[in-house]
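Look at the two complexes coming up: subunit A is in both, with subunit B in one and subunit C in the other.
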Partner chain A sequence: MSDKPIDRRAISRRDLLKTAGAAGAAALIPGAAGAKEAPASVADTAAVRAGPAAAAAAPAGPLMNLTAAETELLSAMVDRLIPSDDMGPGALEAGALRYIDRALSEAESDSVEAYRIGLAALDRYARYSRGAPFLELSDEDKDSVLIDVQLGGATGAGVGFVGSSGAFFNMVKSHTWQGVFGDPMYGGNIDFIGWDLIGYPGARMRVSEQDQRELEAGQLPPARRSAYDYGQFQLIRGEED
Partner chain B sequence: MPRQLRSADVVVVGLGAAGGVSVQPLAEAGLDVVGLEAGTWLDRRDFAPDEIRNNYRDWPMLVKKTFNERMTSRATEEQSANRIGGHPMMNAVGGTTLHYWAQSWRLNPWDFRVVSETRRRYGAGRLPAGSTVEDWPFGYEELEPYYDRVEREIGVSGQAGNVRGDIDRRGNRFEGPRQRAYPMRPLRWTAYLERMADAARSLGWHAFPGPAAINSEAYQGRPGCGYHGFCSSGGCPLDAKNSPHLTTIPRALETGNLRVVPRAHVTTIEVDSSGRTTGVNYVTGNEEFFQPARVVLIAGYTYENVRLLLLSKSRAYPEGLANNHGQVGRHYLSHHQGAGVGALLPYDTGAWYGLPAQGVAVDDFADDNFDHSGLDFIGGGNLWAMSDRRPISAASMGTYGRGRNWGSAWKRFIRENVDRTHSFYIQKTTLPYEDNYLDLDPQYTDELGLPVIRITAQYKDNERAIAAYMQDRAEEWYRELGALEITRGGLGNTMGASTHAYGGTRMGDDPETNVVDRWGFAHEAPNLGVLGASVMGTSGARNPTLTVQALAWRTAQHLVDAWRDIAE
Partner chain C sequence: MSAAASSRTQMSARSALCALAFTVCLPLAAEAQATFVVESPTMRAGEMMPRDYSPDGRNVSPPLAWRGLPDGTRQIAVICQDHGAGNPPPWVHWIIYNIPGSATGLPEGIPFDESRPMPPGLEGAVQGANGWGMPMYRGPAPPGTSLHHYHFAVFALDAELDLPPGLTRDELLEAIDGHVIGLGSMTPHYRRHPENQEIDP
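Entry: the complex of A and B
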């Protein structure tokens, strides 16, 4: 049994076109240089395996869909949502950024602008309200800024959130949770960090009555497999259009 | 001009829960049947246990017809209608039964006789003001043989509570009499579900396992359920969920009398000058076809059936097919399933590998199973406690006022409590009202430029009173279970789009108030049949699909039996 998710990510023709389009667009944006080799450089599995400290120290490289500066901001925000602490690794180690970046090339491609605008507004709000860029704030101040953003308190003319700041917060939180607690096939939940955090014993095809009793006794060992490690499942098929 | 195809005896529009069942009796009787399906064939290789795909990336809408025709919704005519973001009804061979929860209930006898039973027991004054509810044109006993047939043909597991009048305490004592037991034992219970059943019994209630179109053991050459936990919006990788695409459709194909045409998006139904249907127009890719048939059966979802009729305007039917009495779109209702109740418990529930159809039901407060003399409503709700949990949604749980839902403190909270929540799914009697209806939206269209459905509907006092009463019962149950915290949802206002949508082509003897007759054929166009929950005039307090399938079988069987009268 593998202890590492095998990336059998299936890419449809349409996804390839979309990815090519997004990468092409990113290449035109200053600061997005190096987009082509980006996927491997983001929250790289090897760096993560070297431990949370190494992962945190590793610069968050440019993503396919965001500039280096945007990536730094997003990284700092995601790090506060599920931090690495004495309870174990957090969202960054779990690959949430890699998940979000891939999602922005595919299913969530309509959200790229919302990230751009929202991250800029987050930083602007930090400067206006706390007198410093978000990245330079202490963890406590970052959290208090994020609470304002979550509750809609950062909404207002001049800050730049589209609609309520809470909508931006909820979008990032939702994608982060997908990246941490979703199937590793999508680039997140590295080493099953998310599933281990909540004690989910993993994707299985069959759960016998004996398995259920072990689960109830807290003795069911984690499967540590992606759904796509079971070999039965083919490509994600979307409508051709 | 659309390309004209060879004529068929019967064209069935949509091969989901209803159409997918109807093709078996039709094809087995030797009729030449064409099944047009907007979606495609999918199989167990497509059904990965993948929460991101199933529950966050709209996998059910992978064929875009449902998405492109998503409805608009408003509570009342005074409001402007907003377009909904998406809808989980699926276009595929087998339809939404590929990913549904598969609870397969029979309606209770009261649901067929709401008007006469309410009058008899409480007086006519107890019927809610403004409701257009009627008795069904027949009672439970008429549908019983078809329930029985479908339970065996597709495979339903469950515990009988009333076999020919003999009450079995392990099952639902309130169910109508059935001619025999289910073909399979019920799905298993977990330790937590046993605890819930014990708590219900200590309150004096009758707890029993619910019925499911899911194999509890090997059946018809397919295996029993794997309890893997991805049944909600997910297909079954073991073929243990008994969709028509595994059961009735293959059997119809084996006769050689059914042709399945996938990716066929039906746009309109054609009629001749006398008002009889002559066939349907459909689009596949960029090509247009006309499929002639002697009988047309429409078997889309409620919104699709109503829309197809309203879009099929002609000299004979200027306001839409079979709508010369203005009844298409009327008597609409969305099942009241909201107003939920949730709890935080002081112990783990072991729910990671359950499924929504695996659970404990209490029917003591459904339908007219209890005395309503001192109450201000009729009907009630079915309490359903299921075992179902997946990691992303579980980690997104509310914190019951115990701190914010992110950060280091949250990590501690979620590690302790992620498997300690439970929520009730309470399906409630919902009635049709004179000002709740479906029509064509004046503004929004699909990708072909055809208007989408507009829902104008809201819950009324009767539904809200049931909701409040059932929330009290749910809270009692959670208190008995030792809940630490209990939350209650709002009682309901706008009906909105639903996966339990009924009416719009209601079945009844009176053509002034009903679109189809007691057999499911249009009063105005006798060779047009309608299959699906759009013919149902009451919801009951439980899932509609088995009733939809029993009705579909019955309509198809009637067509076979009365072929000459209907087709010629």
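Entry: the complex of A and C
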């Protein structure tokens, strides 16, 4: 493998949650990382007006930017990044796929080809190294494959990754995090699954002393509101549009 | 071996590892008195590692076996490293320690998932942080078609140290310093073959 240390461990859900809080919080703030992917379609504007519940209720359906086979592969990969387990629902339930698809339609449209190439290479690497398509591997073997992809070990296997396999892994991981921990207005974090997962109490315009005490005691009830449910951010969004 | 005799043969963990590093092509230094045999049912020193121990295959940890441990061995630690990589070298591929002194080796495929139990006979063993910062085995994938040597160093320790998981190589060497009463190693090599890379998807 390439002799380049990484500072993130992406497979373990436990480890993921150690660092997810910052990403989730940043995504709350318009203009921050999550807001960068803000779609600006008519449908999204309607979603802003209707609130996150309406966005969450939209059917997942087939993805617009990937084939059925590519969607299946991406779904399997995203499922292993944040699996559903005894800690709660995972990335698929949180709508990460739909978030990624929406991002690929708009702010991340330049990444569609990277997804296609990377997913094809992922499956070729699974066949080459583990002797079976990625979808047919056990969860443990899928994780092992993804670790190799993350660390760059799949790079020199001649399976078609462009540059480091780690770049593809990090792209998907980053988008998955955004889809799970970002504001629900962007199409992911359905039913606030991501925020519940990390114990984030939600976007608030004001925090009282009592709120602060409850927050520090871990007893602050979640707000369960999108930042765009607040008029202030709707105004900002309207100005951006 | 008596405690006094044991203390006479103890050596600095760093000096032991330095001495082992040269065993790739040189005999072990004379002061490293207690040596023992390290081998593998699937690998041979100076020969190619099977691809299953690399990301060209399943990337599972290889089986190791040792014999002739010095009397008084209470615990064992293993480091796999590539002295031809890393900045500075070596690049660490695997660290496992707190291995009971009664163990005669490691089976293939030590779990990379920390939540999975260690195989029978290895209770209490934990893995340290490799060069990528991950507590697991990740095998060789040298760049291009270059040939790299992978040094499996096995330390016999005179104490049950109960070290925490996730130690780096330097932290482990510091922790076992003064407790090393014997050492052994084997050094197979690996290269990625271009012909291995021609696949039929």
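Some observations on this one:
As a working rule, the second predicted complex is superposed on the first by the 171 of 241 C-alpha atoms of A that agree within 3 Å, B and C clash if a C-alpha of one lies under 4 Å from a C-alpha of the other, contacts with A are read in each partner's own complex, and residues count from 1 in each chain.
As a convention for this text, a contact is a pair of C-beta atoms (placed from the backbone, for glycine too) under 8 Å apart; a residue touches a chain by one contact, two chains touch by 3 or more.
What you see is a predicted model, and the numbers here were worked out from it, not measured in a lab.
When the shared chain is aligned, subunit B and subunit C each come close enough to touch A:D143. In the superposition on chain A, A:M185 makes contact with subunit B only, while subunit C stays out of contact range.
Once the two complexes are laid over each other on the shared chain, residue contacts for A:G153 go to subunit C alone; subunit B is not touched. When subunit A is checked against subunit B and against subunit C, the one touching more of its residues turns out to be B.
Look at A:M205: by the touch rule set out above, it reaches subunit B but stays clear of subunit C. In the superposed model, A:G194 makes contact with subunit B only, not with subunit C. Once the two complexes are laid over each other on the shared chain, residue contacts for A:D110 go to neither subunit B nor subunit C. Residue overlap on subunit A between its contacts with subunit B in one complex and with subunit C in the other: 143, 147.
Every residue of subunit C that touches subunit A in the complex is listed here, in rising order: 54-60, 85-87, 91, 112-114, 131-134, 136, 138-141, 143-144, 192, 194, 196-199, 201.
Every residue of subunit A that touches subunit C in the complex is listed here, in rising order: 1-3, 5-7, 9, 12, 120, 123-124, 127-130, 140-141, 143-144, 147-148, 151-159.
Put simply, subunit A touches subunit B in their complex at residues 80-83, 85, 87-88, 90, 107, 143, 146-147, 150, 173-174, 177-178, 180-183, 185-186, 194-195, 197-201, 203-207, 209, 211-213, 215-216, 218, 227-228, 232-234, 236-239, 241. In the complex of the two chains, the subunit B residues touching subunit A come out as 42, 44-53, 56-57, 62-64, 188, 190-192, 226-230, 237-238, 348, 350, 352-353, 391-392, 394-396, 404-408, 410-412, 414-415, 418-419.
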